[in-house]
């Protein structure tokens, strides 16, 4: 495969990230401005967690007496240096808090995504090769139901069944307190804790991918080049895997980009339900304590994560679809 | 010769496309006299449809000007120039009845009251060979040929002075094509229309036109009255076009003939000099450097150094 | 013995509105090395007939309801899945109208030729790649070794169709079915591809079934021609004889409608009135009768059978034209 | 759009099983939301019976009570009203913003489109639920903020759809024909493009409602619901602590969400099937 100009593509794509980040920052600033009370009230939390002296100092530092554009520039400067402020409730810099929680969230997201992609593709291919069979009908019901079930409620019911009822899996957290001697035991322990939240989070996306793969496979079965493969004398399995599924991967990767944001949203709820110590759980704690600065920091940071994930997905797309010219637009 | 009804002067239309620019129409000058039909022929990507859309003011020219009846096109009454589109399936709004589709131009130009409009629609349907009851139908209930008749009726309902037909019969089956061409011939005669008739099919263009202009990659290569062009083509591309058209006489069809080599280059990055030179049997080094201007040779205007 | 003998073929589509009898009793035969053109307008059943030969019509929602397709005496309709696969792309190959969509967008041209080879031949990957380049050379692809690495979207329309032909010729088939191979191409490219097909067919000695709506293409390349209307063959014969003396009024009408060059410019064109009938409810008699100037009561009542009028000439008409076309 | 512009739409909808199923379910939920308060009068916040009464234990409280002894049936009926209201209004907001942005971008293209698309992309990049959480938290939880927040995070999908439709239709020959007969921009958009662009938007809006109802439930579950309004998410959030002992407190309102969302999804899919073939057939 000849891939020209991959490096310039990456560089250009990185450059395109800048206005998006600027937009996200502007959005955060806008929310701060529109919020009731002044910026410092919002940032420091209302319940008087910060001392009045500190609040005054903060007001001066923010230059609230200065015109809005200056305040905005100031705000941008803070974000650019990754200064997301300070959480008075937890008595830690926001960035530090986020960084300690980020790995757990990434672990949860990638496991959920892996389950969703693999199981979704399998189900989708299965249904597409047996259109109208009981398996296909069952899948369509599964999809319909999964679309309707709120993820957080699914998690609660999973706890009822698998933890409270059957006692098979832990109901929450990431580690068993006091357990865990040795690396292997610890990995096993985390994996055990991971099963319920990851599967819960993956269910919706599994349904999405199954449906997407099924419909793109069916569409591809009618495509001219599949007809060509048949006319060559290729067998049905070869047609399904080499020709149809390979092409059905393309819309799936596109979908992946759109869903990275939604996956993070889902993680917030799932982490809350399973007390998974990630960003979502942190957000829940911030809501409980009305720690708005922390909440805004999480919003900004999770948006940045989405931007980076989309960058990776774009790169993946260029690698699997030869029609995308890294130097320009889609041919 | 009388003053032209339509005149294109140094018309240019470029479209930005990713990394480059599509030079869809590059410095084309043409004119159509009142009552005359000018045929415009060329392969896909030669810019003929872009010219139709420029003339219909769907696109704005990048440079050059279009004059209608001696004045800037932008100031002309849109009702005086109408268009018949290519695809009879796509050119009618699927959510409007045939009657409504035909009434729209009258509504837009505030012509007549409801009863007058209805009568005009019914009369015109009849004139293009359709039953007036069809006014209540939706486009998907009609055949391709019937739809194209509706498209023609829509173009005529405002009594235009000129119509532009862009590949008006190329989507139709052979047996229906003749019906639609005959209808166009009759109506043109009857209404004294001026026409710009665009097609990739030289035989059809010749049949329908008084004069024919041949385009290649956004430029005019030859322009002549239909008989000189058909019987004594000057430009090597025109000759190739005529040679490439399949013969209906099986014995003549088997005789070997000079075919063009290579493929149509992209209009994004057209060859320098004469745009035809990479495929031209007559090409000389000069053709690579110097773009030939359109010049008078006998009865024709030709853009070739060696015509 | 005929290479391919289609007998009483019926291919139907079951739709919600009823059964569409797209092909309704077609008889055709092709001799080794011969080119037969199957001509008709959209909806005449010409493509469905072609797709029925390799049983590709089933994947398109059609159903072969009756008849036989004998290839060297074997009924292709009776073969099991493995049996028909062994014929497809090997002994009978096919090319299509839209070369861009007929090629897999994510595989290089070379890979797609190699696949065709390795499905039917016991050949190593390296040897297959070499052979692919040779095939591209055979179809006169410019710089074939480089093109083999290219993906379809980077080639021009003409080159794509050449690549399609290379795939089809990979296993040196005895019969090539070409479904409107030049319709999607520009006039000048069209002429190149037709010349190439004619040359290859002569060089390799294969037979060809050419599906087209364009009588000009027929005149260029076919030995014999069969005209279809509403799911049936209405006339058949050698190209010269049929073009000179079309017997069926529909054939004559079609020829008249395209002989536009022979008429004085601006004159009225001969036309066939009316529209193609719906395949859902065909008239009981001759399907062309409602549009036919020569139709009589018998045409409306009775379906005319194909009858022979001389060697290899057949027509299905009660009131055939017997005089030649006026020059 | 007049009914006559879509021949046989009602017929197509009625024979479409999912549309019919969705409509029936939805009618039931609506009926419950309307006549429910007559069957279970009284404040859903009030303690009506002993706490943690299981469903069916006492027919005065057929669906049981929660930890605080509040009647679950009354709570569910109140939740139905809240969910439907928030779902509908926020979707109206989302559909309005989405259609406006999409139509402007798709019709005018160029720099207008570029700017609007950047904004749309921005809203698709920011995790929508997190944004909704921040908005509600900053502006204080209430029905109004929930409606606004959900509306603000839900429009990008509609905008993209409308834009795609407009881009497609803008180049269709019948729209060009409208332009050549001299139609002005408003008439062109209103009579030629919009009637053809709207059906999928309508179908999508039912899906947006479904998603909005889920979002509202999630917000209240996190404690960001209107403190004066009993919604399904609030009940689930409240029942969490006693999940092991009284799972029905979380279970029942969850089922209510599932059924309602299912109804809208079915209806949306049915609408999609019934409205689309018209355009896809060309």
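A, B, C and D label the chains in the order they appear, each numbered from 1.
Definition applied: contacts are C-beta pairs under 8 Å (C-beta built on N, C-alpha and C of every residue); 3 or more make two chains touch, one makes a residue touch a chain.
Fair warning: this is a prediction, and the values are worked out from it, not measured in the lab.
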item: Between A-D and A-C, the pair joined by more C-beta contacts; value: A-D
item: Identity of the chain that, by mean CA position, is farthest from chain D; value: C
item: Inter-chain centre distance, chain C versus chain D - centres from mean C-alpha coordinates, in Å; value: 52
item: Interchain centroid distance [CA atoms averaged], chain A/chain D, Å; value: 22
item: Sequence positions of chain D contacting 2 or more other chains; value: none
item: Touching two or more other chains - residue numbers and ranges from chain C; value: none
item: Multi-chain contact sites of chain A, meaning residues that touch two or more partners; value: none
item: Chain C-facing residues of chain B, complex; value: 43-44, 143, 145-146, 173-179, 181-182, 185, 200, 202-204, 206-209, 226-227, 240-241, 243-251, 253-254, 259-261, 263-264
item: Sites on chain A touched by chain D in the complex; value: 19-20, 23-24, 27, 31, 34-36, 42, 144-145, 147-153, 156-157, 159-160, 164, 258, 261-262, 264-266, 268-269, 272, 283-284, 286-288, 290, 292, 295-296, 298-299, 302-303, 306-307, 310
item: Contacting residues of chain D [partner chain A, same complex]; value: 118-119, 121-122, 124-131, 133-135, 137-140, 210, 214, 217-218, 221-224, 236, 240, 243-244, 247, 250-251, 254, 257-259, 261-262, 265-266
item: Complex interface listing, chain C residues touching chain A; value: 54, 56, 59-60, 81, 85-90, 93-94, 96, 98, 101-106, 108, 115-116, 119-120, 149, 151, 153-154, 164, 167
item: Complex interface listing, chain A residues touching chain C; value: 1-2, 221-236, 242-243, 246-247, 250, 320-323, 331
